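In the two assemblies presented below, chain A is common to both, partnered first by chain B and then by chain C.
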Partner chain A sequence: MSAFDYVRAGSIEEAVALLGDPQWVSQPLAGGTDVMVQARHGPVHFQRLVDVSRIPEMKVIARHGDEIYIGAAVTYTEIMESRLLQETATCLVEAARLVGGPAIANAGTLGGNVGNAAACADGTPPLVCLDAVAHVRNLAGQHAVPVAELITGPHQTALQRGDLITHFTFPVAPAGARSVFLKLGRRNAQAISRLSVAAAGALGGNGRITFARLAPGSALSRLRRFTEVETMLIGEEPHQALFEAAGAQASHVMELATGRRWSTEYKEIALHGLVARALRAIFLNPEN
Partner chain B sequence: MSHFTQPLEYVGRPAQRVDALDKVMGRAKYIADYRVPGMLHARCLRSTLPHARIARLDTTPALRVPGVRAVITSDDFVDHGLYGFPVKDKYMLAYQKVRYVGEAIATVAADTPQAALAGAQAILCELEPLPALFDATRALDPDAPQVGPDRKNGNREHPNLKSDHMLVCKGNAEAELADCPIVLDRRYFTDWQEHAYIEPEGVLAIPTPEGGVVVYAPNQSPFINQNNLAMVLGLPINLVRVIQPTVGGSFGGKDDIIYESSAQAAKLALVTGRPVRMVFSREESLVASYKRDAMHMHIRLGADRDGTLRACWFRGILDSGAYASETPFTAWRASIHAMGAYRYNACDVDVYCVYTNNGYAGAFRGFGNPEVCFAVEQTVDELADMLGMDPIDLRLKNCLRLGDETAHGQKLDESMGLVECINTVRRLSDWDRKRAEYSRQTSTEKRRGIGVAIMYHGMSLGAEGADYAGATISVLPDYSVDLTSGLTDYGTGSRTVFTLIAAEELGVRPDRIRIQRPDTNTAIESGPTVASRTTVLGGNAMRAAARNLRQTLDLAAADLLRCDPQQLIRVGESYVGPDEEAVAWEKIVDHAREMGLILSAHGKWEAPKIVWDHHHGRGTPYMAYVYGAQVAEVEVDLRTGNTQVLHLWAVHDIGKVIFPQGAYGQLYGGITQGLGYALTEQITYRDGYIQETNFESYLIPTSVDVPEITAQFVESSYSYGPYGAKNIAEPSLVPTAPAIANAIAHATGRRVRELPMNLERVLLGHDLQPPASRDAAIRGVWMETRSMPQTPAPAAPRIYA
Partner chain C sequence: MWIEMTLNGKPVAVEAPPDISLLDLLRDYLNLTGTKEGCAVGECGACAVIMDGRLVNSCMVLAPQAHGSEVITIEGVHGPDGGPNDLQQNFIEYGAVQCGICIPGMIMAGEALLMHNPNPSRQEIRMGLAGNLCRCTGYQQIVDAIEATAKGRQKG
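Let's turn to the complex of A and B:
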């Protein structure tokens, strides 16, 4: 275990000041469920952890008009228990339920999930699916970046030293929209996602698809919405063959982006199936 | 026996585990909790190559690291620390060569774990790579790299052949197969399995003023450890004392690796004159410790069109890695069980193990039977499919019954509950309805399946070795009763079993009884604690000890109450004589002492003699067998290969159940371990480097993976067992994986012939492997040992057994 210093911040201002202090190489610490594992595995690149897990403003879940606001230090348990998120971000709530186990859900945060930016992360596909924006503070001020742009690759983000994600926002989906999250792991808990799918959608008055979002996890090296699949859904009537075609298209997109890797033979079949299943759950709402 | 006519007071009744409260209250102390004044910390330098010559080993730089007190190598042991049973092929620290990644080369003792690690890293060790062998099926090729030791005395066997060919022969199987209208020819593979004991390896050695050493070690068999220690340290046996503290799980995994760690810590304790403790990190544990062997199997089953089994031909190769450990015995047990619990006209089994540079394998719950059961039970199921027969009907048609002779030539003349197990599990699982219903599914998303597997499992060591156990019992001054057993409890519940047996025989309450931790200075050597033998062997010994003591007390009671011992009756603990006055047990004890009687006794029990002819593969391999049948119901996601086990029904014939909660606990635990073996637990050696070094990649089931389990026992009494008991620990997991495999085949129509049946194998029919990496293994070799938060030292440092 590497040696490093620790300090707890009481407010966003204090955290930003501590993180921006040029005397130290500092890094935010939220639940520590990624940071502590890394520290155990080998040398770390920071000298000091700035604990942001108890900053009140960063623990807020709220609705501001047509926008949902989630503090970056909100834990998975808090997400699961939020009535507001159950109604407006089902996919995020379902993802939170599937993260690790109770201990991890109690400690792990959404900010940490984005900050760690694992390709197999479960919190990030719903955020991207919901078109969430990360709000970043540092000594220079505040800026907003879409989560899909903030995460640039496996364990890579556009965050700079001194940056703190304070919260995420995303627009409330159109009326009647539903969203789901499907996770495929090797066991039912404490499992790294082999694949996941966050999807959202809504039908118009004519029974045709007017809103469709798809963000598979563990599929690409850089997380993004599969707009190639979304566009083929818009304006269509929901039916099984369409979803199968969408599933096949999603696998195709994945393969184009990643090339054939050791896991492609498996993932192309599984992603196809998961996407079709997710869309069916949203638009047809069958038993499984 | 008279005991079956009298109602039993404690045996077979609900009881609380004797160690339950200590464990749930956090009072139980494990090696990592032990702390003694002046204690040093030990750490091994381990190999990062799968096969190499040790070209140079210079420990002096380590001694210059601040805090380092001593470093030892194989030179510090008698005969370089050569040990091992049944094959003496391993050294307490590597000598001249290393044969697997993670093999210990030198051990450092230092003031802190960090200093010990720094010391290990400072050792100058030059390893010269040797050609390595990873494919067990090529191990005996003439040009295969030599991994095993040189052959001696003109023995011309291939040096990579680790064991004899273990044979079972009945009639002419080739001819019988040629004559069978239906022959199935199948290959199966079962992968390595990690024991995943929650407590990683640890040991504490304390030097004694007499020049000896006391070793606290969570080993399965303290007397074997003691013998090894005396041998490699060059000490008389009575200067070596081994005490087993609370053990956090073992499952067969705490034999050799603990003996080795014990020898290293003990030597360092003798060299430094200070206590030395060594505790592994999880990563070090996974890299360094032995596993369940991987097994390549080829089976041919021949049958008539009506489903009558006629012949079994079986070939098995165990990849047991770089050292023998107990795997020659595993191969033998595998051979005995390879044909399953069925009748055949002819049988031809040949199983052996080979050396490779893939880690090393040793004992693991089930000991060869889970591997072969996976093969034979799937093949039998396929036969049923081919013939359009119900799999349970086919099994009932062919399975061993009372009075039958096994393929080895053993007459089964008592305690045979297999048919009852099968019939009961069929009824409990609603087999017939579900089998029919699930055969009609059309969904392309998810399908259910139900599958069965049956098994038998030979009790205790069988022809592996002498089979006996001893126990002691005494009444202490405060009227409590003190027990020892040479067989140990590493989580199995045997201490509670012994307590109940002693209570029953002595007629005293279990809460009066306290059973000591195993200690080579107080207990009677009883052979190894393996092979699910503890209840029968240790239980009979305890029963004998308690009866001996009871006889003494009865004499005292008869004397006090002025009657014949036969006239005495017991009311609760009290004795009642002809005058019908109840006399407290304490009074009888007092009187016995006044009479000068000694209130301690010991008991010994030896298993009935058995014979096995290794050359002809015939005889009586085991004194008796336990039987079982399990049914698994699964739901398979046809689009992802994800398999959910929805329910498991298990009915096992274990003879008389002595400690019901303990027996169910063993069954549930075994099924859970079998579930992991079936679906998720995968140890992958890639070019000799283990890929899974912690529980994020080595996936044991979590609580939400374990299905509802419905368990029941068939108690077909065994005349040599205590109260008719047999055993349960190992057999519980044997049929689980094949039952799940058969359920998957029922759901999907496709067979998975390799373990684990992971997502890829279920969906694609074959496994996919990520690019091989050495990182995890090498990180494991150097992983820092967890440093415990420094708690204030207790006023008087206390180590208790």
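Let's turn to the complex of A and C:
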């Protein structure tokens, strides 16, 4: 007797019909990097896995006007190899490079990273930084939810049974904008994030900051942009003291949200440093 | 359910339950025991195989996901005479093999790297092996063996 059944979907319509079939408790399967670990540690809450990893529409990376479109079954390797994303979403490409070794990057998908919603996920801070929206399909239709609202906590999302994330979209950042992803792990490769920062920014013609985005990962129980830090950067000239103040502010925001926890002594210093380093890389040192 | 794939260049069809991993399919249903189980949760790379041209951990692939795919395991990597190929020979010559359990995965990761990047730097070799753990060698000899193989293949 098998613990669960498997069915492969050839299209989004087929996947939605399979996931919405009330006779089965179904769950989407893509790269397997989370689901297979759950299945190993069992018992599992699903009766059937619906394989969405080969659905052609879910493998697309494209630009539509001022919007970038990434299919939910796109793997980290495909993100890394995409010239379009290298140019328009550097922070996401850098996160994809750091997510794990080649075998993990070849399998894991962006939709899976969001759906699994681990607090230490590397794909999610860049999506929140870029103001990405998740597009969700089910038997009732289609709706769009900002990634920052879809993920409601560690391993918690607003997804309901029968929902399928089909793709993500985000607006192309202003001309001249740069973005970075920095991560602290226990080693350089195949490490789980202890803390990460996705950040983006651009300077106006007068040399002052006109665009700033900051989304730390593994910092709060719920992922969000640190607008309290972004607003203090807008209109300022980029310099080291400003970045240090931004780092201190980011740590302050984190502590207000989480209270002082056992890990705060480490995380406040680490987040301060990561934020300052990310801003320096964006605004002062384009080669870094 | 029936799973059909091209395995080490040959078509195979095997009946297996839908809830097992590709690793278990290979070892328990196809008797290809060269692919090793280490951690079984995607951290060690001992079970790595090449599926449709990409390195994957076979413990993280559900067996029916391989249906219709082209899979290469360590049994499919050998020289023309059936003995070790150049990469495997270099693992021996450079002392890259001690206890041996990580080696099938290391060879698959090395072959996958050289398929996509025939002339990798030492840093790129290290990144190519980032998902493969070895508790014996300290990795230097493994990197040396892959580097020597890349150079040998460049010369033709």
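Keep in mind that, in the parts below, the second predicted complex is superposed on the first by the 283 of 288 C-alpha atoms of A that agree within 3 Å, B and C clash if a C-alpha of one lies under 4 Å from a C-alpha of the other, contacts with A are read in each partner's own complex, and residues count from 1 in each chain.
Note that a residue touches a chain if its C-beta (ideal position, glycine included) is under 8 Å from a C-beta of that chain, and two chains touch if they have at least 3 such contacts.
Bear in mind that the values here come from a model prediction, so they are computed numbers and not experimental data.
Colleague: Go through the superposed model and pick first if A:G31 touches only chain B, second if only chain C, both, or neither.
Modeller: second
Colleague: Answer with first, second, both or neither: which of chain B and chain C does A:D66 touch in the superposed model?
Modeller: Once the two structures are laid over each other on A, A:D66 reaches no partner at all.
Colleague: Give one of first, second, both or neither to describe whether A:A103 is in contact with chain B, with chain C, with both, or with none.
Modeller: A:A103: touches chain C, not chain B.
Colleague: Touch test for A:R194: chain B only (first), chain C only (second), both, or neither?
Modeller: first
Colleague: Check whether A:I269 is in contact with chain B, with chain C, with both or with neither, and answer first, second, both or neither.
Modeller: first
Colleague: Shared contact residues on chain A, chain B side and chain C side combined as an intersection?
Modeller: Dual-contact residues (chain A): 40, 101, 189-190.
Colleague: Quick check on the complex: what are the chain A residues that touch chain C?
Modeller: Result: residues 2-6, 8, 29, 31-33, 35-37, 39-40, 49, 51, 53, 77, 100-104, 106-107, 189-190 of chain A touch chain C.
Colleague: So in the complex, which bits of chain B are touching chain A?
Modeller: 445-446, 637-642, 644, 679-680, 695-696, 699, 701-705, 758-760, 763-764, 768-771, 779, 784, 787
Colleague: Name, in rising order, each residue of chain C that touches chain A in their complex.
Modeller: 1, 17-19, 21, 40-43, 45, 48, 54-57, 59-62, 64-65, 67, 109, 112-113, 126-132
Colleague: So in the complex, the part of chain A that touches chain B is made up of which residues?
Modeller: Touching chain B: residues 1, 40-42, 101, 184, 186-192, 194-195, 262-263, 265-266, 269-270, 272-274, 276-277, 288 of chain A.
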